[in-house]
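Each of the next two complexes has chain A plus one other chain: chain B in the first, chain C in the second.
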Partner chain A sequence: MKACAKWIRDGIGFDALLIAMALTYLLAFAGLPLLYNIIISFQVVDMFSLNQLFHEFAGWDNYIEVFHDPAAAEVLWNTTLFTIVSVFFQFTLGFALALFFNQKFPGATWFRGLFLAGWVMPGLVVGVLWNWLLSGDFGVINWTLETLGIIGEPIFWRSDVDYSLISVILANIWYGVPFNMILLSVGLAGIPEDLYEAAALDGATALQKFTTITLPMMRSTIGAVIALGIIFTLQQFDLFAAITSGGPAGSSLVAQYWSWELSFRQFEFGRGAVIAVLMIVVVLGVTVFYVRSTRQETRL
Partner chain B sequence: MMGMKRIYKNQLLFIVALFAVALYLFPLYWMYTTSLKTDTAIFAIPPQLLPSSPQWQTYIDVWNGSNIVRYMSNSVFIATGVTLVTVIFGSGASYVLARYRNVWIDISLFTVLMLQVLPPSLMVTPIFVAFASIGLLEYPRIATILAFSAKTMPFFVILCRAAFMTIPRELEEAALVDGNSRAGAFVMIVLPLARNGILVAALLIFMQGFGEYVYSASLISDNRLQPASIGMTNYLQPNIVTWNSIMAFAAIYITPILAAFVLLQRHIVNGLTSGALK
Partner chain C sequence: MNIDDSTIQIGFTDVNKFYGAYHALNSINLSIPKGQFVALVGPSGCGKSTLLRTLAGLEEISSGTINVGGRTVNDIPPRKRDLAMVFQSYALYPHMNVRENLTYALRLKGVSKEIRANKADEVAAIIGLEDLLDRKPRELSGGQRQRVAMGRAIVREPQAFLFDEPLSNLDASLRVRMRKEIRALHERIGSTSVYVTHDQVEAMTMADHVVVMRAGKIEQQGVPLDLYKNPANCFVAGFIGSPAMNFIPGVIDESGESVTLDFEESPSLPIAQSMQPGRPVVVGLRPEHVELGDAQSCGYAAISISSVEETGSTTYLFSSATPELVIVADGSQQVRSGDVIGVKIAPTNVHLFDPETEVSLSNG
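And now, the complex of A and B:
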């Protein structure tokens, strides 16, 4: 007993205890739910059977119902579109800003930091602010586009089935640009200055420096940032809750919202769990790619 | 001549930066401006960039008439709980993960990274069903804190690990030579040196807890216990045209976060950039 206490206070047991605290917690509140999720995706779980831990076995019924749901194809398409378009613009705008602020001019770091004000905001509030900016009759975005002559009549962003998903994408790009920019800035700051100086002596143009030095040196950072962008975009829920709730008529419904809606609006927990299982497989796949990118980063 | 050219270039870059920041932060500006306009001025075409007669009364009405004080105290309760759980369970682990480099550490780190990416809106289904069956939903705010902390802890560990990595091993070894136990050296030497990094990470976790939505929306059904993110959606429905009140609600909710951000901007950016990609 005494030896044990000493082992924890003074030996490797101290490290074991510290790491066990975090891992046990994560196992209890993330690992077990992950497994339990798989179990309930094969069970009949509704409001009446909620108070028991194990429920009637359903076989593949939940999976079959989800795949035969008329919404399934559109959800798959919307989720793909939402992720690709969001990540593309978050990344390109973030990269452009990172390159811009990487030029050493007075106040560059301070200005760059201000962008993170968007990142620290609650997602729900960001959604509500964009609701107002995108308002059909009195929104400042419609007014600007009409004044510039880009559109002839107001777009009802949130209630038009052709624009509802775009509304959420716009808000999501705004929300995600700062984080992309900061991560890419870290990568840019890590490129040795003398590489550029040597290239300048050889008479390289700005474009040549970018394609032959910046891009190759940033390869693993870019991989990690894009993977993280996909991961965060697949997590995005608050903006959908605030802006469209997946509507109108499912036109902006994505998988991570559909799963929640099945569970907490229709109380079909089994089917909600099915979508969660499938999505988590996708997210974990992207994460393996992300971890590999960051590992290369630390070895460089 | 080169000097003059450099100055012009800097001025030009400065102006472009100012313009880019102003454009980016416009949604926040528009929130504050709208919140101060009259009920009719919010619908003016063309939109007014500045309110002609600022209506501070709107803030008083929202403060008194929307339960925002109760909602925000619930947000503070949840954010405090999440921060405490995350810091207590996560700090030690980030120290160990920074101190060693072997296959066990790699496996632990990989586990942590994997758990960071699980989308809350997907994890909440099993958590809700499990919590309902073991009776934890009787304490919905505690349930929210426990569930959300599993989401924030991996992020916290990754940020703090970077802070612990900057502390020279020699300082800790010197303390051990002086007769301190491992635990003593950790508490007396390592933790104080990593203090700033831990505080910044804790602040970011507090901000996330303050704005949390998915778990609260799914686990807390009693209106009196709901945080301000839910309060915001509750407030939207009956007030859908009074955008000045809605924006005042939003402004009251997020101004504390923005103020903390502006005051500590440099530390937050440093904490993020040192931890984010390593």
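And now, the complex of A and C:
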């Protein structure tokens, strides 16, 4: 007993204890559910067999059914479009704002802080706000576009099959820009000022400084921000729930929302799990990219 | 300093710089002839780095003009001033290898890859980095990084080299070596160099012309030994030389040919000039100009020693009286703390300053 106490107090025991606690938590609340999700993607699970621990083996049936579902192609297309467009604009707008607030002007840090206000709001609240903004009859966005003469008659953003996905993308871009901006700001702040001074004396214009100093020095940050952006966008559920519920007619249905619908609306737990498994594979790929890019630090 | 205008490479005329109410540079006038090595030296916060940065274009000036190569550069951005700078931090581009670091300026100018490669080899040979061209800065030692920073400046063949405390991050022995190398390089290339340092030894040993600054003002400028021999005021006298000059209050004697020190037994020192009797002065004595002898002998004043520091080659003696008198003696001197020794100073080595203005009263 005494030896054990000594081991914890003076030896590596304390380190081991901390690691064990973290590992136990991860295994219990992330590892096990993940594993169980993979298992039920190969099983027949419905309302009647939900209370059993072991279910009937289904082989690849669930996977085949998901891929043969008439909605599958559109969901794949919507998910891809939603992710790429969201991440592209979140990143470019976030980077532009980060560069802007990196200039030294009075109140720069204060204003940058204000931008975070959008990001700390719950996704469901953001969704409700955008519902109002996007409203066909009384929405501010329609009013602005009409006043400026850009559109002749109101667009029914959320109920028009051509605009429903765009509505959620708009809200998601707004929601994600501050996070991108803050991470990229941190990256920019990490570039020593004297590199820019040296480059200025070496003859670099502002644009050349950006392309030859800022971008290469930001490589790892940019990799991390884009990877996290993809992961967060693939997680985005609240905005769909609040704005379009995947409709109308599946026009804004994406994989994460479809998985939830299959599992908890149609009680097709096996097929819902299949989509979750497929998304895990994608996220895993992105994570590898993320880890690799953070490893390639180009700092002195 | 009278120099023909055509040989002036860098000129500051009435340059002022304010940070809000803070007067960072106060009416700076400085002319640097082509090919000269000028050191800007002073304690931290004296404005020496600010002056260098205004020359580089990294800081704007509030008034006055700065000329480089006969052209006013006040409104010219750094990239068009044709000056190369070696930073204290070296400011190497971490994502580029040594070759790319050396030729970055040429790449921006659109120089072809072959010429750039040749140029990199050429410069690497000058600074002794031939084997390290493919390394990244993080794989280099402090001294090697320093060389890359120098090489990056040499490649440019600029109007002038600016150095901002380039050796302060190196250890002592390397610093002494690099001091020589920079000086040798300067002579070899024949370029104009402006070198900022807080280390007066660096300034004295490297520069042709030393500019001593304090609180945004130039206190004195001239050739190194002239600053040592004829300091214009107490500040320069105390700043140049190591250990620093001793300052002791005194009064000119009746004869006007000697000064009585307000020190221990009020010894009287002959001076090299004739002064108004009864005038209060500050007497400046360099520690290395104090000659030791027998306390009883004629012409020697007796002082008691409170502590002794022996370094082998030299011995530092500290008097027990206030103000403390520091004496640099030969290492062979056998003095112990508590001893009373005799000291003497040659009249030409006695510096006199006005107690109010601190300006030198010695003529020549």
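Here is the rule we go by: the second predicted complex is superposed on the first by the 292 of 300 C-alpha atoms of A that agree within 3 Å, B and C clash if a C-alpha of one lies under 4 Å from a C-alpha of the other, contacts with A are read in each partner's own complex, and residues count from 1 in each chain.
In the analysis below, a residue touches a chain if its C-beta (ideal position, glycine included) is under 8 Å from a C-beta of that chain, and two chains touch if they have at least 3 such contacts.
Since the structure is predicted, the reported quantities are computational estimates derived from the model, not experimental observations.
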item	value
Which of chain B and chain C A:Leu207 touches, first, second, both or neither	neither
A:Pro216 touches, of chain B and chain C: first, second, both or neither?	second
Chain A: partner with more touched residues, chain B or chain C	B
Partner chain in contact with A:Ala3 - chain B first, chain C second, else both or neither	neither
Touching partner for A:Ile150 - first (chain B), second (chain C), both, neither	neither
Chain B versus chain C as contact partner of A:Pro192, first or second or both or neither	second
Doubly contacted chain A residues - partners chain C and chain B	298
Touch list for chain C against partner chain A, complex	56-58, 77-81, 83-85, 87, 89, 91-95, 104-105, 108-109, 137-138, 152, 156
Residues of chain A touching chain C in the complex	192, 194-195, 197-205, 208, 212-213, 216-217, 219, 298-300
Footprint of chain B on chain A - complex, ascending	8-11, 14-15, 17-19, 21-23, 25-26, 28-34, 36-37, 40, 45, 50-53, 97, 100-101, 103, 105-118, 120-126, 128-130, 132-133, 135, 137-138, 140, 143, 147, 174, 177, 182-183, 185-187, 221, 224, 231, 234-235, 237-238, 241-242, 256-257, 259-260, 263-264, 269, 272-273, 275-276, 279-280, 283-284, 286-287, 290-291, 294, 297-298
Contact footprint of chain A on chain B as seen in their complex	9-10, 13-14, 16-18, 20-21, 24-25, 27-28, 30-31, 34, 42-43, 45-47, 85, 89-90, 92-93, 95-97, 99-100, 108, 110-115, 117-130, 132-134, 146-147, 149-151, 153-154, 157, 181-183, 186, 204, 207, 210-214, 217-218, 229, 232-233, 236, 243, 246-247, 250, 253-254, 257-258, 261-262, 265-266, 268-269, 272-273, 276-278
